[in-house]
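The structures considered in this document are given below.
Consider the two complexes below, in which chain A is the common component and chain B and chain C are the respective partners.
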Partner chain A sequence: MIGVPVTAIFIGVLLLFLVLAVLTVYLFAARALQDRKSKRAEAYLSRNGEIWYRVLRGFEPAPQELVPNDEAELAAVEEIFRAYLTNVTGNGIRERVRAFADVHLAPFYRKKLKSRNWSERMNALYRIEDFGMESLLGDVRKLDRKKLSEEERFQLYLIELQFRPDGFMDRTAGRLGYLSEYESRQLFFLMPENVFEEAAAQFGELDPVLKFGLIEVLGMQQDLMRLPFLEGLLDSPDPEIRIRALRAIDAFGIRTPDQILERAFDSPVWEERFLVARMLRRVPADEAARYASRLRNDPSWLVREEIRAVLVRQRSPEEKSAVLR
Partner chain B sequence: MVPNKTGTQAVLKEPHIQYVFDLLKANALRGRRVMVMVLIRAESETAAETASRLQSLVRSTDVLFETDRPDERGVLLPMSGTDEARGFLNRLFREAGEMKAAVLEIIHPDTELSTSLMRMQSAIDSEEEQVTVLDPFGQRPDEEVKVSVLDPDPLFRDVLGKALSHLDTPGARLVVKTFGDGRSFLESGWTASAHPHLIVMNDLLPRQNGLDVLHALRSLPNDGKFTILMMTRRNSEEDMTYAYESGADGYLIKPFNLRLFEAQVKRLLTRLWS
Partner chain C sequence: MENTIEWLMKFFGGVIFIYMAVVILAYSGMFLFAFLDLKRQRRLDRRELDDRFIDAFYSKPVTILVPAYNEEAGVVGSIHSLLNLNYPQTELLVIDDGSTDRTAEMVIRRFDMVRADKPSESRLDTRRVLDVYRSRIHPNLWLIKKENGGKGDALNVGINFARYPYFCTIDGDSILDGNSLLRVMKPIMTSGGKVVAAGGNVRIVNGMAVDHGVVSDIRLSGRPLVVMQVVEYLRAFLMGRIALSRLNMVLIISGAFSVFSKKYAFEAGGYNTETIGEDMEMVVKIQRLIKDKKMDARVEFVPDPVCWTEAPQSLAVLRRQRRRWHQGLLESLWRHRAMTLNPKYGTVGMLSIPYFWLVECLGPLIELGGYLYVIAAFFMGGIYYEYAVLLMLLFILYGTVFSIGSVLLESWSLNAFPKRRDVLRMMALSLTEVVWYKPLTLFWRVEGLVRSMFRIRSWGDMERVGATKGMSE
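For the complex of A and B:
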């Protein structure tokens, strides 16, 4: 049995209490600080809500009293801008937010960009994008040279795209390979038309994740002018590209051209045959039946099921029950 | 006195016309409509001839009456304005030739029959014009319109409240209230009113959803008083169709243009006086 002196236990307990006391004091102090900050923000909102309304509607210029003096007031201004930018548009509201933020809020965010705290830097990057603070582009670019998280880097690209869209793909395409598919789609969604064209022209050199993102965004946009581009991708040697292109074409919701159907029917890749079987839903009944007969004995169960579903949908009610039996 | 019946339309006399005038005026103004009174003086034919001619032109809802002058006949055209009165006189003049006439729109509840008749008679006496359109008595009284803004975001609620409070709406006095959730709105007692009520409501609300509130409002006995604009972030045709089928009067897709919103509200309020 290990003998522990009573004094040691007593000192241990005392230390534990001391740590707990310090932690309690810290929590209370932090809470009090937070409450004080919230009260200051609320006071700012109730004091200036009406003035902000008139300023953002363009009825009067922004007076000096609207400039935030501390972090609490900055948080209040951020809330006001968020409420306007996410709910209303037009009549220069965005431009007024941009002009005010560029002049009066930029110093706060410049400081936050240099913070060692990741969440502070990240929040600053989000606000720079939301409020369109172009004056901070130089500071953001300086940040690019440092070691950053993937989230920060993606945010940097969004800011770069917003303020300097021309030549965006040339400058950044080689460094976008780490993006997730979601981020890649988001990037293409936010791209102005000319940058998107630029990206489509460089399709062959893009990283796979960018290729997939671009194809999916094309499907979501449902722009018929882009259909020939997607059709061209069906010649790709990469089956993943072909599958995604077919899925994007399917998302257009139109009757798929015969040559696309013909080509995919004979594909050795079951996903392509499955997608083309799904496309038969938008083909006239007699043609669908003719195509379906070619896939009725497909080795893939999913393809056979899809073909069966197409045939059931196109038969009369009496025949339907016969097939289901 | 029993109304003097000639043909199918009664020609009312005092004191019946006083009673009918007050009744029609109250009815028209309560429905935020106007009524017009036409006084015709036919010096070249008898009162009976004029009455007979008018009977063939008036609607079954219009009222013919006599004045203290034997060569005068009056017509009350409820739910009509000056344009309808002019049309009526044109039809009359085509049949009977030109006569002297005066037209007065009744837009204020304090307009009195005897005073109006005296004004019209003196206008016919003094004016050289064939038809004199008199300025109506008083201003059209402002209608109190309740406005409710329902949105979970307090700042945006405040923005919409301010936009509506600053809106210049002639003929309507807006009383704006904002609510953060559906249940507090329905339980506030603010909906139990005969005033016109404009509701600008987000489709997603805490405690009671916007579409539930819409159903609840449309099942109230005064549902005809509500004009409901739904706000949504989901630009989905299905949701919109469902909301319209459930009784929404308009849809705003967030983010929306604040000026466009104000114009829509103004247009809706103008229709109150149509």
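For the complex of A and C:
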């Protein structure tokens, strides 16, 4: 009775071991191929490293021998471009990378964009953005019609922003609500000035995540011309907007105007009181002490702690140790 | 009498057979999940992502908590590795949990520390903090000396002192790869705060060369006991956790390397200081909190950030560790038994917790029973002989085949052990797993069950030997 399953399972286990043996052979063969590919890439690098230096510094045009013939050589060129773009500044290098990539690397990435493997498509999208391959914009836009992962779609927006910034917000704002705050910040950080202005003008209609991203980037840019815009946001009924606007104003690193301090001191939201307490670091000692007395018994521990830190910072060493005790 | 024995043998044979079939099916499903997930990401150039996240403006600051109790062999190496992390904004709190060796002394001397003040909240009750030191070489490195209260208590002190909204827990003997923190934080950053806890992949460091807190040469340990643990870790992390993470059913992320939102940790009441498995307990509490308060939040496991940790090298220490782990597992499951098969807790309550009860907690009892059954059946001969063969085949399928499969999957997707010889050694040892390592660990886990039932508790301190070149420097 039990003989059948025993035999069946025995054969099954044997077959599984056979499959594992075949997979092992496949794995080692794939590794050997990968090793060979790495060696070819290394050979390309040692053969052409010097030439690439002269080409990218603009001392000579790119000779035909630099054009990669296969995936291994493409990987080597990618390494060189990544190294130069990361470590050397200058529009000249970026422009020469773009020119070479647009002509000689685009066919490789066009093929990768059609790959069924998500990683391959993502890598291609990263490279198109990094190397500025505008010639592939049409291919990238074709992807937009397909079902894409969120990561791919975000990369598509970054590429669109880089190559077709005009009217970017009108074309995409309605579709950006799914972004994370991290992505939203990245998007606004990379926006050219005119697109950023366009976005700020539409602030009221933006999705919350875009509003937050825009405010954070304003804080990072520390452009005093934009300070009134942030101050205006302190009237928002949304406490999250007010908190972020205060944080952005704090990031400017300047003495905060009194009217901002005054209105936030009495806020029922502890985060707002905490941020003004932090802003007291840049207020003269006597004024800070006056303001601090209003928050010294604040119900929030973090606010009290911040006030204590502000007072300690402004005292003599003897007084400091007394306060700390 | 004979009829009764026959009935009993058939009944237990049937129970064990059904259990094994269910477990093999569940593992096959999880294996398939892991394969598809790793296949999707296999060729991704992760450096691109690392480069994007490294900018302080995009990332979130993290407080790293290193609880240390008698970790003089590894704590300095561990701190070096954490100081080498590629992450824009961190503070590093080493919490000396009343060590009786020179842990604190070594940290103070090595990093030129002086007494300092650091603000702390007191939202979590803890044992008394004795002293706080700050490094003059690395101003973001702190040492907090406290009365002994266990790992959970030390972590709670760290959470009280943490300045940033996320904290990362690292064991005092563990070493992180340079980009590990960036990678484990990725789902937290990109999810817009929906991922409230994330854990990375823990690997065994024994036998590797470590230079100033960085694993400089990957070598597989020469000890079969350690190699078997390497395979076991690969299997657990790659198979179980990837699938559970995709389905938002994670109940365990290793305390050796995990990140939590401080807000959620506070709300969950911090680490439990009474339980043995405080890391699992914390995750279960957070999952429970998420469901109780109907929050849009999740816990994730991330396979590519790697934390290296020291594994037991002797049977005695391994036995204590496994006993302790199992006691912790049972305690957590028992404490949260109201979640079991409770639809309010979604897939966690309906699938994850029952899986942990059946497979992880009670499974060893059934499997060990299976081994005893096989021995008994061999002696009884006749039809039972066939039962024994059938069960042995299932054990091989369940143990050896999945272990070798995991080694191959890891090698294909993440390639942690680049040397072919190491891969072959792991596979060869996996072939022997069913006859020595598996029964031993099953026995120890059942011991843990029994000790739990009799409320026998001991922490079974891990004896740190600095089992790698350069780690104890």
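Some points to look at:
In this section, the second predicted complex is superposed on the first by the 288 of 325 C-alpha atoms of A that agree within 3 Å, B and C clash if a C-alpha of one lies under 4 Å from a C-alpha of the other, contacts with A are read in each partner's own complex, and residues count from 1 in each chain.
Here is the rule we use: contacts are C-beta pairs under 8 Å (C-beta built on N, C-alpha and C of every residue); 3 or more make two chains touch, one makes a residue touch a chain.
None of these values were measured; they are calculated from a predicted model.
Measured by the number of chain A residues touched, the leading partner among chain B and chain C is C.
When the shared chain is aligned, chain C comes close enough to touch A:209, but chain B does not.
In the superposition on chain A, A:117 contacts chain C only, with no contact to chain B.
In the superposed pair of complexes, A:53 makes contact with chain B only, with no contact to chain C. When the two structures are aligned on the shared chain, A:186 is found in touch with chain C, with no touch to chain B.
Legend: residue contacts after superposition of the two complexes on their common chain; A:12 is shown touching chain C, with no touch to chain B. By the touch criterion defined above, A:86 lies against chain B and chain C together after alignment on the C-alpha atoms of chain A. Shared interface residues of chain A (contacting chain B in one complex, chain C in the other): 82, 86. Across the complex, chain B is touched by residues 45, 49-50, 53, 57, 79-80, 82-91, 93 of chain A. Across the interface of their complex, chain A is touched by residues 153, 155-156, 158-159, 162-163, 254-261 of chain B.
By the touch criterion stated above, chain C contacts chain A in their complex at residues 39-45, 47-48, 51-52, 57-58, 117, 119, 121, 189-193, 383, 386-387, 389-390, 393-394, 396-397, 401, 404-405, 408, 411-412, 420, 423, 427. Chain A contributes residues 1-3, 5-6, 9-10, 12-13, 16-17, 20, 23-24, 27-28, 30-31, 82, 86, 117-120, 122-123, 126, 130, 180-183, 185-186, 189, 209, 216, 220, 301-302, 305, 308-309, 324 to its touches with chain C in the complex.
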